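The structure is given below, and queries will be raised subsequently.
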Amino acid sequence: GKQLLLATTTSTDNTGLLDYLAPMFTKVAGIELKWVATGTGKALKLGENCDCDVLMVHAPSSEKNYLEAGFGVNRRHVMFNDFVIIGPDSDPAGISKQGLCSALKKIAGEKYIFASRGDNSGTNKKEISLWQQCTDQTPELQQWYLQTGQGMLATINLAVERKGYTLTDRGTLIKFAANSKGSVPLKIMVEGDQSLLNQYSVIEVNKARCPKVKNDLARQFGDWLVSMEGQKAIGDFRLLDKQLFIPNASAE
Amino acid sequence: MEFILEGLVKACQLLVQGDRETYSAIFATVKVSSISMTVSLLLGIPLGYLLGYLSFPGKKGVRTVVDTMLALPTVFIGLVVYAFISSRGPLGEAGLLFTLTGIAIGQCILALPIVIALTATSVESLDRVLRLTLKSLGASPLQIFMTSIWEARMGLLIAATTATGRVLTEVGISMMVGGNIKWHTRTITTAIAMETSKGQFATGIALGLVLLIMAFTINLALSTLRRRV
Amino acid sequence: MEFILEGLVKACQLLVQGDRETYSAIFATVKVSSISMTVSLLLGIPLGYLLGYLSFPGKKGVRTVVDTMLALPTVFIGLVVYAFISSRGPLGEAGLLFTLTGIAIGQCILALPIVIALTATSVESLDRVLRLTLKSLGASPLQIFMTSIWEARMGLLIAATTATGRVLTEVGISMMVGGNIKWHTRTITTAIAMETSKGQFATGIALGLVLLIMAFTINLALSTLRRRV
Amino acid sequence: MEDILRLHKVRHQYNGRTVLDIPDLKIGRGSIVGLAGPNGSGKSTMLKILSLVEKCSHGTLFFENKAITPFAKGARHLLTFLPQETYLLKRSVFDNISYGLKIRGQKKELSLCVAQALELVGLSSSFAERQWSELSGGEAQRVALAARLAIKPACLMLDEPTVSVDMESARNIRRAILLARQEWGTTLVISSHHQSWLNDISDRIVYLYNGRLLDYSYKNVLLGPWEKFSDELFVVKMTDGQLLYASKPPKAGSSGVIAPKDIRISSSPSFGNEKNISGFVTGIFADNNPDSLCIHVVCGDQQFIVNIAVHAFQIAEIRPNQKVSLTYNPKDIVWLA
Amino acid sequence: MEDILRLHKVRHQYNGRTVLDIPDLKIGRGSIVGLAGPNGSGKSTMLKILSLVEKCSHGTLFFENKAITPFAKGARHLLTFLPQETYLLKRSVFDNISYGLKIRGQKKELSLCVAQALELVGLSSSFAERQWSELSGGEAQRVALAARLAIKPACLMLDEPTVSVDMESARNIRRAILLARQEWGTTLVISSHHQSWLNDISDRIVYLYNGRLLDYSYKNVLLGPWEKFSDELFVVKMTDGQLLYASKPPKAGSSGVIAPKDIRISSSPSFGNEKNISGFVTGIFADNNPDSLCIHVVCGDQQFIVNIAVHAFQIAEIRPNQKVSLTYNPKDIVWLA
């Protein structure tokens, strides 16, 4: 049958969203969805190299450059979730319920352990932009700033083991809690700030550059995601009875 | 700690209850590693034999290069193979990206140096009188090859076992070239890596045990064979 | 394709310009793999010798188990070591998680079966008259061990080379146990894996080349040694 | 003479087949014992057991009246063995010869000892620098022997030391062995198929046949199958058609032996109760007994060794290639179990 | 007689040292050539070159008048070699003996051929099932020989075939060799230190010394260093103190040779221009020439082989262990280059 190759970030796969959406899409469109889940950076690179048909990523600034460079076309918002800053129960830095920027400043000022993904992922890019926004610089060589270069779950795990803070998307946090069977020695410290929104988009790989990509199928997939049906499906997706993604389809 | 025990239980469940995803990954692993091992043994044993048997200028250099290739990181091999078979690469037309064949190509590159280096050492450690004896009985170069290989069979068996262990456990190539696509190119090791990155440690352990059981089966068969020869 | 060339250029830049991140990863790699190779050779050679030299009931079984352990996936080892040394594990007090020592423990588990299996095969393939000769000259069991090891030195060298290759290139353990923490536990292979997942393929290739250059240096030294003995 | 080594009720088996069965054998200190016997008769097995490199399946080895087993502390350094298959360590000749000294903790004067050992086996000291692989067959054999002589052992078991070795070196080796006994009081047990050489050097010869010990004089082994000839006589047909007579054997396949002294040699047959068989002389050698000589005679495929007194030899016309008659009494053939 | 093998201007070197230098040597079809000479004289090297297992550094090997090199198509299956170091494949005796047949493509009647080959070397056919490791030294040697006989080769080079082999088997091997020549027309080149055995079996003996070929008769090699004795005479002192005289050698370290026929043996010295040296008889053997005998005499460390006519032997009183005088003319000593 027809097959569509999607390159996406680990969060959509790790949370089980794609396992949930793929059969629905296949049923509607008669297209089998295959996906490669990796870091956002690598997913974009696969698109650039014409090795997939469609992308679902969450790194708005890179995505814009990507479209400008002509690697992708027809970017559409699909959904969002939000980021939170988490830390140990004891909250040694005392940032709980503080504003986003004062929390970050406190961590940097008092040199509390902060785990960063440091992997160029959407989450990492968001984190770096927050440091820039709040402290005018990105921590790098500091002893307290631990860059894992790994996925979100591994980074949360590191924060737990080292009793430090980290920035995560809410979906992965729920997943992490589920994995640890409730006994999470971590709490949400900062949430709800406007700059903590995490936007996912679907981008079609540019057929003009990559003649072999199945643009028609990619279009069908994107159309379905932003359709009523697709949006409802995303909204209905639940992990541990919590909604992870909020559909917000709109053409860019 | 408890996830290890959990993993043990889960491994049994997966195997006994015939979990479809697990069996799909087992199947992919078996398929891809049999291809890569067959090719690398067919190529590697003769090459290793020549390297161990012949003496030619620059032999030490070749050995050093082969030994160095034992330290080829799998992700590196994955990247290089990807460069060649990606749509924009020179072999892009063949459509090998995200296929088991693509993985097998990478795994051959991984296994070949092991087979060559260990075969060469085994052949070198054969008694120098063996060669004399074979020549003295009128063996042709091909017959000398076949008999030397047979005399060195214990060494070759361990070469094959080591290479198989390497191929079965590698992740980098399978991930990069295969893409870990469910039902298609997801092998046991990419599944372990994925489950682990999802925090499903028990599933990771379970899949690791599945792989070990596979390896144990192979080795049990080989050791029965070894007892007979 | 072009990222391979780019990587080549970049590898030179990194090494020549003394890129701090790269050298930190090189240093971590050298440190952790020297510890793990030292320990696994010190343990593995005597064990492999005993396995190859002695005959005892159940020997075939032990060999099969060792051969199976050649197929221990690194992520699996990583998970198991993690289970023991994570703060909630039985050895959590020691604070080994996310340290180079922790990685070294896992790498020993990885390298030991290779050293044992290849040493045993080398020792087994020694001429049976050697043992007779040594006994006939009055050698003690320890002296027989030392001399047999020396007679089998070519086999041991390749065992060490293979195990080193395996340790240098593994990602799963370093990632899981070490955590790929920049400036601390980031080794070359975890850096390659990370750069690749970032889509920085050229950097991945460059770091892979750096690792190969390291391996080549080691092997060049070994082959000079081999020429002398 | 005091006994230094003793095999007591020793039996050795390979795959359940008994290849050595020695009720009792004593070896005197400082003696040179020759070990003769056909291929597969158990000579090497016996030497391995005597030198502790192999443990016998049953029985005990006594060294200076103490029962010992392999790796026994004191004995290990005193009992030394030269295996039949020449094996050199993959090192230089120097390292091969000095190995035994080094493992005994000797560190000084290695060069001197090596040079002396090489000289004993008739090799120039320039050989010390050669690699193990750069030797001819006989040179390798002599280096292996030099490695044993270098450690000046209390007991030395040599398995075919003159194999592949030229005549001059065989004489050198003989001299070295005698020197070892004289200088260091070494006790030697030596197996060899080189009969005249072994005869010459040994104080006493032990003959092995099918793993059993025969008295030296039982040297001519007569293989079956025996066929009934008359009520009292059984025969075996030789390849040249002649018949060899014996009394009733225990089994048709039994082997008999006849002592060299029980056979008379002459240029023409004699008749009576005794039987004759004719053959050709192949060699004439000295015997241990200075009043007697050893003559090798071949009849068909069977080789006989007969003794003749020197004075009788002088009058009998016996020379190589000559046809002679051997006269024996069938009753003198003794049956092996 | 037609030549089957010919070495032409052959020189062979190891590490730059010349170990074999043969200007020309022809071997007739169906002949049995014996190869004698001390350890390290190049016998094994020559046999390896003759059987194509080693390529000579310089020169040409002709087989049936065609120059050939290793792995030459036709010749490979016709030239067979028994190495000095016994090596068996790690398989059963049956597989070892049938190996040569299998690689020649023979698939049928393997059991029969193996049984025949075993019989030729005097081993019972039950040995076929043994593993390579379950043999005594002499048995292994005989299995290796059986593997060569099984393929009925056109040319067979045997390097010390009787090493480790008992006397009866040595006779069996002799018979097998003669049978091979008779039945299959096999040409044989055989090296051995077993002089009487080699003498007996060979049509012609070639003597190697330091890699050079000597005529058979030059068998007694006299090593230097020579010292000036008088204007015309040089001497070397033997280990027992006697002097050996020769004319002026090219160098003090030169080696001389003297033919057995140029030495007279008697029970008392004779005087004149000739010189005498006294020694002891160690053995008396047949010679190739039926009218003459071979006597081995040892003077100090030096062994001499002398010929004596049968009729002279009958009147001279020569027997083993007896003191005899050897008379020679120093001018008969010929110098080796």
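The chains carry the letters A, B, C, D and E, assigned in the order they are written, with residues numbered from 1 in each.
One rule holds for everything that comes next: a residue touches a chain if its C-beta (ideal position, glycine included) is under 8 Å from a C-beta of that chain, and two chains touch if they have at least 3 such contacts.
Worth saying up front: this structure is predicted, and the values here are computed from it rather than measured.
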(message) Moving step by step between touching chains, how few steps can get you from subunit B to subunit D?
(response) 2
(message) Starting from the defined contact criterion, work out which chains touch subunit A and subunit B both, please.
(response) C
(message) Considering only chains that satisfy the touch condition with subunit A, which of them also satisfy it with subunit E?
(response) B
(message) With centres defined as the mean C-alpha position, give me the subunit A-subunit C separation in Å.
(response) 36
(request) Report, in whole Å, the distance between the mean C-alpha point of subunit A and the mean C-alpha point of subunit D. (result) 88
(message) Need the CA-centroid distance for the pair subunit D / subunit E, whole Å please.
(response) 24
(message) So the centre of each chain is just the mean of its C-alpha atoms; given that, what is the distance between subunit B and subunit E in Å?
(response) 53
(message) Residues of subunit D that contact two or more other chains, please.
(response) 85
(request) For subunit B, jot down the residues that touch at least 2 other chains. (result) 88, 127, 201
(message) Multi-chain contacts only, two chains or more: what residues does subunit A have there?
(response) 150, 154
(message) Applying that definition of touch, give me each pair of chains that meets it.
(response) A-B, A-C, B-C, B-E, C-D, D-E
(request) Report the residues of subunit A in contact with subunit C in the complex, numbered from low to high. (result) 38-46, 118-121, 141, 146-150, 154, 158, 161-162
(message) Could you list, by residue number, the parts of subunit A that touch subunit B in their complex?
(response) 5, 10, 13-14, 34-37, 49-51, 150-151, 153-154, 157, 175-176, 179-180, 210, 212
(message) Which stretch or stretches of subunit C touch subunit D in the complex?
(response) 127, 129-130, 132-133, 135-141, 143, 147, 151
(request) Flag every residue of subunit D that touches subunit C in the complex, lowest number first. (result) 48, 51-53, 70-71, 76-83, 85, 87, 89-90, 99-100, 103-104, 147-148, 151
(request) Enumerate the contact residues on subunit D facing subunit E in the complex. (result) 14-15, 37-40, 43-44, 84-86, 134-139, 142, 159-160, 163-172, 175, 193, 195-196, 282-286, 290, 293-294, 298, 301-303, 310, 313-314, 317, 319-321
